[in-house]
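Let me begin by handing over the structure; questions about it come next.
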Amino acid sequence: MARAITTRKKAMWTALAWAFGLLMFFPILWTFLTSFKTEATAIADPPVWFFFDWTTENYADVFDRSNYPLALTNSIIIAVGSTLLGILIAVPAAWAMAFVPGRRTKDVLLWMLSTKMLPAVGVLYPLVLVAKWLDILDSRILLVVVLMLINLPIIVWMLYTYFREIPGEILEAARMDGANLRNEILYVLTPMALPGIASTVLLNIILAWNEAFWTILLTTVSAAPLTKFIASFSAPEGLFYAKLSAASMLAIAPILVMGWFSQKQLVRGLTFGAVK
Amino acid sequence: MKLKNALFAASAIVSVTATAALAQSETTTLTIATVNNGDMVRMQTLTDDFTEQHPDIQLEWVTLEENVLRQNVTTDISTGGGAYDVMTIGTYEVPIWANNGWLVSLNDGMSDDFAADDLLPAIADGLSMDGELYAAPFYGESSMVMYRTDLMEEAGLEMPDAPTWEFIREAAAAMTDRDADINGICARGKAGWGENMAFLTAMANSFGARWFDEDWQAQFDSEEWSEALTFYLEMMEESGPAGAANNGFNENLTLFQQGKCGMWIDATVAASFVTNPEDSTVADSVGFALAPDTGLGKRGNWLWAWSLAIPTSSEKQDAAKTFISWATGPGYAELVAENEGWANVPPGTRTSLYENQEYLDAAPFAQMTLESINAADPTNPTVDPVPYTGVQFVAIPEFAGIGTQVGQEFSAALAGQQSAEEALSNAQALTTDEMEAAGY
Amino acid sequence: MATQHSRSAARLMIAPAVFALMVWMLIPLCMTLYFSFADYRPMRGSFEPWIGFENYVRFVTSSSFVDSVVTTLQMVGGILLITIVGGVMMALLLDKPMFGQGIVRILVIAPFFVMPTVSALVWKNMFFNVDNGLFSYAFQGLGMEPYDFLSQAPLFSIIVIVAWQWLPFATLILLTAVQSLDSEQLEAAEMDGAPALSRFRYIILPHLSRAITVVILIQTIFLLSIFAEIFVTTNGAFGTRTLTYLVYQRVLESQNIGLGSAGGIIAVILANIVAIFLMRIVGRNLD
């Protein structure tokens, strides 16, 4: 029985949803607008909305003062690298936990999650000392590994919950047909698991991109990503809202655009077993 | 024979390319950690001058906000990380780090025109230990009163060159016009040992208070501290801006430039920003006076120098010295003057600058800056004797941690979350605690 | 029908993850454990490898410890409350028929992509600032005194910032759950004249309980380690010092690595207690 949805009701929901949506988005919109103002317009009283002399001067300043391309490259390498490395390690583990659960599987999962709770700063000195000993301070590989380890529990957990929803009968049928383990993973499981893996990848790229403790303290120049880039624009002397906004937009724009384009994939697998 | 020739030629080529490669590898890259304030950012834009003179030295900048900078350099220096060749640090860190053997002495190896004896004695003393200079000052500052001459006139008052706190408070009340968004007094309230505690410690000195007595016992239970803090809280309540508890140097600078402060007591370096017509709406009506006192013989002004130092963990100490000689030498002042005008030269480090008529003409605040710097005495900062050096800080490693926590108590008092007595007794308790833990 | 063969294969496959995390746990954690029993203060140049439980006693008995635990619980609790209540409402709203649903969804999830440092800086300067923040203009526009959020309601301000970042995450997960709701059951209930509130109470909420526990679990793990938002906005002042922040102050500001390490170990223990507690609930809900 299809219920007729009155246009009035639909209009009401639309208005309400748009109001909430714009409210959530407003801080980003405001930052965007401010980044094109002069410093004086940025703090004008009353606030100026859309009608001002748009200027790209702030962006030029930011580019002038810091090495944005390098920071961007580092962010990309670190975020993508740590995610792929994590996936590589997590997929077999999550597969095994989901399809061949042993007595200790739950405990192992719990233990993995608990490593995530290590307060970062508590292990700062040990980690710096180890990295120094290995001579990999300020290297991308160090950050790739550290961020991979930080997010690995989440990756495993997310994949595990996703894999568990794949019916085991399909695997058994494949086994009956004589598929070996390798083929089973490659041809049966992977296609089914792809949405889950895709959204895990996306979520982890976001998490790694935004990590702002290790990325600041373990880098100096050559591996410094956008989180460190931002730290040079917060609160210098004088007016800085417009420049801060421009730097902020530069730091979040790539991940924002990626997120928007891939939001369908992100949402599809982002269930953490929330739906049965 | 032919073969021999061929071999010879080949080896010649190899050796030529090898030398070329060697020459290339002699280019040294210095990693420099700096704070993101105006003067440091300006230095970055002027580095072409340096690299032209020294084509074999490349510069990599790590420009960070003050707190993040501190996180980075302290972690690096205390683990011997060796990530930086030049670090921007302050008067507080230098003696402590030098004492740990973490900094390279700058007595030798600096270029000839560096002229160490031209440095202002008060500044150089703070950066030296046992006669060795461990950091070269990039700019030096004390604190002073900056005030709006027009508002002062409207209020029918005249600012003396050396005001008392009583006068400042009265003048602040007279200038305040909250409907017009004018606050008589702006001062630091944001918690942090280098933020509100710099201001309050220096102020407390002029009220006869001190951090520790000669046996390292915390003194926040003293009458003097209570007087100083109460005075500060009451004055800010009467005439300070809303949200003062979140205002640090930068926030107050913005307020002053927007014409929202009648007076502002802060770092002398701010003088060139508030008198710069490009950024400041009140540039032509700013006057200067010494930091206030209460007639006890000490003024409430501090002493600080952002300085460049070389960690011993750096492998490029010679190149680093070359760079520091350039950045803090007298030639740099001329370079800035040529490009940006004399008023923008980093102040407070060299005697010669204050003897330069061109600078004195361009910088109306020069004389007051020099007097303020000279009026600060880090080795004898308080009315009663103390076992420590440092005007607005206590030069012991524990101070950064304690100072920030005490600053949070005072900041909470300014925000109206607790009374002056509560803030002081909390400060007393936590300082005593930390000092015991540190083994005093 | 797990055979012996597939069992050992499974073990082999879990091994790299377990090994990686073991190394991650063992090296830094053991070093932290080692430091926590040492008097290690690099600024003083002092290192004494064994001082017993002194650091632990000092950390736990200082008055800031209990305060910081309470603050942590308040902060995490507040954020969870806002994101869950808001997330459920948002998810139900997004499930309704409307024009431009895709765009609204994009707008709603955007904050999740913003770096914590950036969002803290933007909120602090451009919204909460008393003199030049948008909220102040809004307050003045309504004829009220500007309100200094960061010193008058510091904990609330930080909760708002973090909740803004995490609300999209909660919304997304809850939305998937809402979409899997049996619409016929709902319609039947509506036909029977069940009021909206009881439909929500007896049909929707039970259906969402599983998703809600998942959101709580995942978010708690991240929220316990909030750092950048506090560092940027209040620097731990005005009672916003969480346990994580207290450990930070001990390690980096006081440069007392021993004391900080002890605090770190205590934080791990407390976090694990919370985790086990959560896993119990989630475990019950998940199987």
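We call the chains A, B and C, going by the order they appear; numbering starts again at 1 in every chain.
Just so we're on the same page, a residue touches a chain if its C-beta (ideal position, glycine included) is under 8 Å from a C-beta of that chain, and two chains touch if they have at least 3 such contacts.
The structure presented is a predicted model; accordingly, all values stated were derived computationally and were not measured.
In terms of the stated touch criterion, the partners common to subunit A and subunit B are C, listed by label.
More C-beta pairs in contact connect the chains of A-C than those of the other pair, out of A-C and B-C.
The geometric centre of subunit B is 36 Å away from that of subunit C, both derived from CA atoms. Put simply, the C-alpha centre of subunit A and that of subunit C have 15 angstrom between them.
Residues of subunit C in contact with two or more other chains: 132, 252.
Along subunit B, residues 71, 75, 79, 254, 258 each make contact with two or more other chains. Residue positions of subunit A with contacts to 2 or more other chains are 43, 124-125, 129, 231, 234.
Within the complex formed with subunit B, the subunit A residues making contact are 43, 64-66, 124-125, 128-129, 132, 137-138, 216-217, 220-221, 224, 228, 231-240.
Of all residues in subunit B, only 67, 71, 74-75, 78-79, 96, 99-100, 190-192, 241-243, 245-246, 251, 254-255, 258, 260, 397-398, 400-402, 404-405, 407-408, 411-412, 414-417, 429-430, 433-434, 437-438 touch subunit C in the complex they form. Those residues of subunit A whose C-beta lies close enough to touch subunit C in the complex are 1, 3, 5, 9-11, 13-14, 16-18, 20-22, 24-25, 27-28, 30-31, 34, 43, 45-47, 89-90, 92-93, 95-97, 99-100, 102, 106, 108, 110-127, 129-130, 148-149, 152-154, 156, 172, 181, 206, 209-210, 212-213, 226-227, 230-231, 234, 241, 244-245, 248, 251-252, 255-256, 259-260, 263, 266-267, 270-276. Touching subunit B in their complex are the following residues of subunit C: 41-45, 58, 62-64, 129-132, 145-146, 148, 150-152, 231, 234-239, 241, 249-250, 252-256, 259. Taken in their complex, subunit C has these residues touching subunit A: 1-2, 6-7, 9-18, 20-21, 24-25, 27-29, 31-32, 35, 90, 93-94, 96-101, 103-119, 121-123, 125-127, 132, 134, 137, 141, 164, 167-168, 172-177, 180, 187, 210-211, 214-215, 217-218, 221, 224-225, 227-228, 232, 243-244, 247-248, 251-252, 257, 260-261, 263-265, 267-268, 271-272, 275-276, 279, 283, 286.
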